[in-house]
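Below you'll find the structure I mean.
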Amino acid sequence: MAVAPGVRDASEVAEEISSGRLVTEEMLLNVGPQHPATHGVFRLLATIDGEKLVDAEPVIGYMHRGYEKLVEQRDYRQITNLVSRMDWLSNIQNELPLAMAVESLMEIEVPPRAQYLRVIMCELNRILNHLMFFASFGAELGAITPTFYAFREREDIQMAMEAATGGRMHFGFFRPGGLKEDVPRGFIAQALKGVRQVIDRLPDYENLLLGNEIFKQRTIGVGVLEKEVAYSYGVSGPIARGSGIDFDVRKDEPYLVYDQFDFQVSTAPNGDCFDRFWVLVHEVVESAKIVEQAFEGLPSGPVMGKVPRVVQAPVGEIYVRSENSLGELGMYLISDGDRRPYRLKIRTPSYNNVSALGHVLRDTFVSDMIAILGSFFFVLGDIDR
Amino acid sequence: MAVDERKLSDARKLSDARKSGFGLGLLKGMAVTLKHLFKHNTVIQYPDEKQDLPPRTRGVIALKEENCTVCMLCARECPDWCIYIDSHKETLPPKRAGGRPRKRNVLDRFAIDYSLCMYCGICVEVCPYDALFWSREFEYSEYDIRQLTHEKERLADWMTTVLPPPELEQGADLPGQPAAAAASATVEATGARPANLTSSAVEARPEQAATAPREGSFTTEPARPASSLPPQEQKRETSPEDAQPAPGLDTEVKAAQGLPGATTQPEPEVTLGAGRAAESVTQPADTAQVGSDATSAPEGQPPQKTPSVAAEPAVTAAEPVSQAGLRNLGGQAPVARPSTEPAGVAEDPEAAYRRVLQEQASRGSSPQVAEARAKVARVKAERGMARTATPAPATAPVQSAPQATPTEPEPSGAPEAQGPAPEPGPVAPTADEDRTDG
Amino acid sequence: MPATKVAAQDALGRVQAALGDKAVEPQVNFGQVDIACAPEHLVEVASILRDDPGLSCRFFTFLSAVDRSEFGDEGQGLEVLVHLYSPDHVLHVNIHVPVNPAAPVCPTLTGVFWGASWHERETREMFGIHFSGHPNLTNLYLPEDFEGHPLLKSFKLPSRLIKEWPGAKDPDEAAAGGR
Amino acid sequence: MPEIALTAWQILLVKVLVILTIVPVGALAGGYAEHKVMAHLQHRLGPMYPGGFHGWATTLADGLKFLYKEDIVPDAADRKVFSLAPAAIFVPVLMIYLVIPIDRNLIVEDLDVGIFYLLAVGSISTIGVLMAGWSSANKYALIGALRSAAQLIAYELPIVLSAAVVAMYAGSLSVIDIVEKQNFPFAIWPPGIGLIAFLVFTTGAVAEMTRVPFDMPVAESEIITGPFTEYTGMRYIFSHMFAEMGHMVAFAGIGVTLFLGGYKPIIPWSPLEVVPGVIWFGLKFALMIFLFLWIRPTFPRVREDQLQKFAWKFLIPVSLVLVLAMGAWVLYV
């Protein structure tokens, strides 16, 4: 049979296949920077062999805004509003370590009412964040409906937060020493209504996703992150807890008034996508418990401690951390006595979490890649800062 | 309660969840979506219907031009450098014959570039003369980015859309409380303000009447010298300065008045406290105060019944006074905060624990809730944080009309005992029932 | 395993006992152990901190650097800052590694903690510190042709230089660029 | 009523014209139904503005919008194949409609080999999808096309086998005969066999339409509508939207014909015969469509290998057993 030059005979190819000599080529697939599954500008350089992912390298930096440089030009109140934009799903929690760091250096007493309100807002924010990831994980696996349900549940809590802070996303509400102002009338009712609604409807959503056999097939045993690997990468938050690590700053080193509340740290031992998601969903319930308890014990009084007119942290260094929605958010503050920090190292949870992604993604399927990306709950702004 | 019936980090439950349900899970999921087919919809058709945004919403910044004294604080504090102010000095004839001619700043240009603004609200926060306000309006997009720089005329137009600030939540510290002297100074200052405000309620903004928050808020620049101010500004300028209580005075005065700030001691920072000494001062005044308040908060009453005879007239009585000008800022007219604890003085922690546990059990709470609440009570008792019947001051109802019904105390007690209808706060969410399926 | 918190002084003792004279100036700062160590000891120190059962700082929190050249009046040098955490003992260790500002080199920690890779790449581009032995020391955030190391104090933020400060009250202030 | 004498050719022309209008209109209506049903299942309203009343003209407006869009062919694409692929996908969908009986006499052509024709024509689209994916010169499109081909072949078999079960029951391949033979809808009677065959058919149909949960070939959060990534404008709606909708409408029609008793009343009770067959067909058809629309927002999607396993290791064995059971039923009952 006449064959064009350079083209092999079909029988030749057939023989190669049967004898196992056929050389296949790996394909480089560029997932992102614009891709629906990366929810943000995030790129994954994937080397694939058919449906198999041979290697994957996360590429970040598309949203780098240089926070650590910007904060050196700004005073503490301005930074509060800046760091709020870091992780745009848990904004108010971003403000917390900064406020705590300045308070510790300046030895400011935060009034109890402010501490309680901070706890409440942080937990409300955690619920908002987790619902968001509940939604997006479903959407990445092809189930579009959880998105809409989750957004409906978010709305009441979101409105409560907006009523209190004036912002829908960027709250800018914590100040060194306490809160910007007290919450408006109706905040408690609105927030409690929202939280209870979430809790009431959560079983429905578990039926929709967690109990679904297809969902289980897609997630159980997929993307296993081992405990020691998680430690080595500094993975924290729901992802670490999904790998069986009982790690929660709220319990280990209680800040604010977290030691006064009864809640559990949800952990799951298997470290796969399902367990990470399971932990995420169950943290919503724990947060709701904390909110209810905090509202019940909410003391009255001022929400601002005695803070000098000009906030100038004295010379010193401190590392402060808090449990952000996605893990440990730490700030290493070095002050030289100015109104502005000398250096503020921001250790964000998503950054460490995503650095482990390359390890987990190796030798999975292309479809699993999406499931793993979805279950790694990251926010791009938090990674790139 | 739904929250606690679910025992969560229970490994058995996880292993159950990981088992296959042989297609039953698929059917359950289909039932969930089908159920939603018959539910009322909560979608808001945006351009036709609009959401009722809360008064604090940071939509657009409105400028009250006549209040601006060109102190430049907003422009200096702006993190984005997006406020542009031009001004010139003007010499006014002396007030009295033979006096010195006075100088004042005249605003030529005040512009905010909304293409740079990050909507942090620092300018509104720092403005000492209440010239800047947040408005809820947000529909001002433009085809040309240059149009997003709003000059002072446009900024002044937004003033018509500014809402009065919301009332504060129960238990909030009232503005103007720290010193009795401050209260009167405040009233004076408020009275002296120009009367041509667009909304009369704006006048009663807490930040304005308040001197206390001023102390807490921080400005990086000292207030400018009073001498350069026009008369009415001078008067106002003095109030924050005068009212500034000496460090320590704050708590003392509060203690004398039986205010909440004194009864609750700030706790040391738990995480970071290692490096510093925990200062805990117990005020002798609070015990007596709490004891006397016990009468208004009977023990074990369900919260909705608590604002009883004692509390209600107090609120009504308070309103006209506060209407008149925030004069009643002292400790009178306490609105009884619903409470489940007796107003005992220093209760034994263990006793508190048992009592709350019992109460909760009799109320039918689930064991976890009961335990959690009991633990909270014990910790509080240990810390001497009497949360009982804290005399939450009558929240000065800023814009309530005289005919308004007495404000109900916020149900902040036990959640399951709470009344079915949450208090219609300023948030007024769009409830599911309001919306019909389109 | 439930975490049991170790008192700061106890932690300091343990760190001193485990590291000996490799840890310079150990002290307690806000409940966390601060040590300084020479670059050549860093890998060893980190390994001991990770493996010592009394410390077991297995959790890699972060690695970064601080340019102290404008700190205080006289200024100090450049240092690499590593934070390790022990989830079992709730114990923090801050390792300060002073490096030579003229030719900053520090050994890589990627052999001890996998997570150090990204942090070291970030630190290299931001501070210009070379991590010897790092398998892939390329830029993480910045484009490859970016000049300068942004987080060094000598790197001035251009956005604040090109625009006149609108908050200035008189021309002098405006010329000074405001703050 | 005066007799209008029409030649066979004229009748055929009318029939073809009817089909050519019904399919796009059906696809538009199906698209609208999908918008609205899905929206309400998801606690939304869906489109409300186009056309005034509940956004009835949404899909029409969408179609017009797509008409106006630029038709882009990537530089590296194989131009001819790229342009032809939408036709290769869409025309077979049109051809399915020829043999679906809406009423006893409302059928374009009652072929003797109706079922075979139905299934044979239905699988031609696979080639079109492969053409589209290969010619786009896009890695995502290629992955999608290969997945698509593998999937369509895998799920063709269960559909054929479950249709064969029906044909065995009816003893004929003509669709009219099949409907006439069903005293009860086949999904109800014979017990067990009919119902399982119906479920196998529905599963296979969803997979053939590449809809959730079997939409791996076009997974938008993964390979971004797979073979159709590079298509724009009119070509996009013909190759993806209309093909998917057209398939859905066609499979609903086939399902009704084969398993739900077509134009006959739901139970054989003479008073129900008064209602015209078109109405019965419409009701059952709407039920089928709703089932398809209901499945979509509820489930996540199945992974590619699981999808293949499900077809080859579960659905095909089950349908083979069904064929055996049906043979036994026909012989002995």
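Chains: A, B, C and D, in written order; residue numbering restarts at 1 for each.
Operating definition for what follows: a contact is a pair of C-beta atoms (placed from the backbone, for glycine too) under 8 Å apart; a residue touches a chain by one contact, two chains touch by 3 or more.
In this text, all values refer to a predicted model and were calculated from it rather than measured experimentally.
If you take chain A and chain B together, the chains in touch with both are C, D. The chain with its Cα centroid farthest from the Cα centroid of chain C is D. Taking the mean of each chain's C-alpha atoms, the chain whose centre lies closest to the overall C-alpha mean is A.
Between B-D and B-C, more contacting C-beta pairs join the chains of B-D. Computed from the mean C-alpha positions, the centre of chain C lies at a distance of 62 Å from the centre of chain D. Chain B and chain C have centres, each the mean of its CA atoms, that are 40 Å apart. Chain A and chain C have Cα centroids separated by 24 Å.
Shared interface positions of chain C, defined as residues touching 2 or more other chains, are 29-30. Annotation for chain A: residues 104, 145, 149, 152, 208-209, 212, 214-215, 253, 318 touch two or more other chains.
Within chain D, the positions touching two or more other chains are listed as 41-44, 297-299. Viewed as a network of touching protein chains, the structure does not reduce to a path, ring, star or complete graph. Pairwise, the chains that make contact are A-B, A-C, A-D, B-C, B-D.
Remark: chain C residues 1-3, 5, 29-30, 32, 34, 58-62, 64, 66-67, 70-72, 81, 83, 87, 90, 92, 94, 113-115, 117-118, 126, 139-142, 150-151, 155, 157, 160, 179 touch chain A in the complex. Contacts from chain A toward chain B in the complex involve residues 74-75, 77-78, 81-82, 85, 100, 103-104, 107, 109-113, 115, 145, 149, 152, 155-156, 159-160, 162-167, 170, 172, 175, 177-178, 180-190, 192-193, 196, 199-200, 204-205, 207-216, 220, 253-262, 264-270, 274-275, 278, 282, 285-286, 288-289, 292-293, 295-311, 318, 320, 339. Interface residues of chain B facing chain A in the complex, by the touch rule stated above, are 1-4, 6, 8-9, 11, 14, 17-18, 20-26, 28-29, 31-33, 35-36, 42, 53-58, 77, 79, 118-122, 125, 134, 165-173, 206, 212-213, 215-220, 222, 247, 250, 259-261, 263-272, 275-276, 279, 337, 368, 371-373, 375-376, 379-380, 385, 387, 390, 392, 395, 407, 410-415, 418, 422-429. Against chain A, the residues of chain D that register as touching in their complex are 41-44, 139-140, 143, 212-213, 215-216, 219-224, 297-306. Those residues of chain C that touch chain B in the shared complex are 8, 28-31, 163, 165-169, 178.
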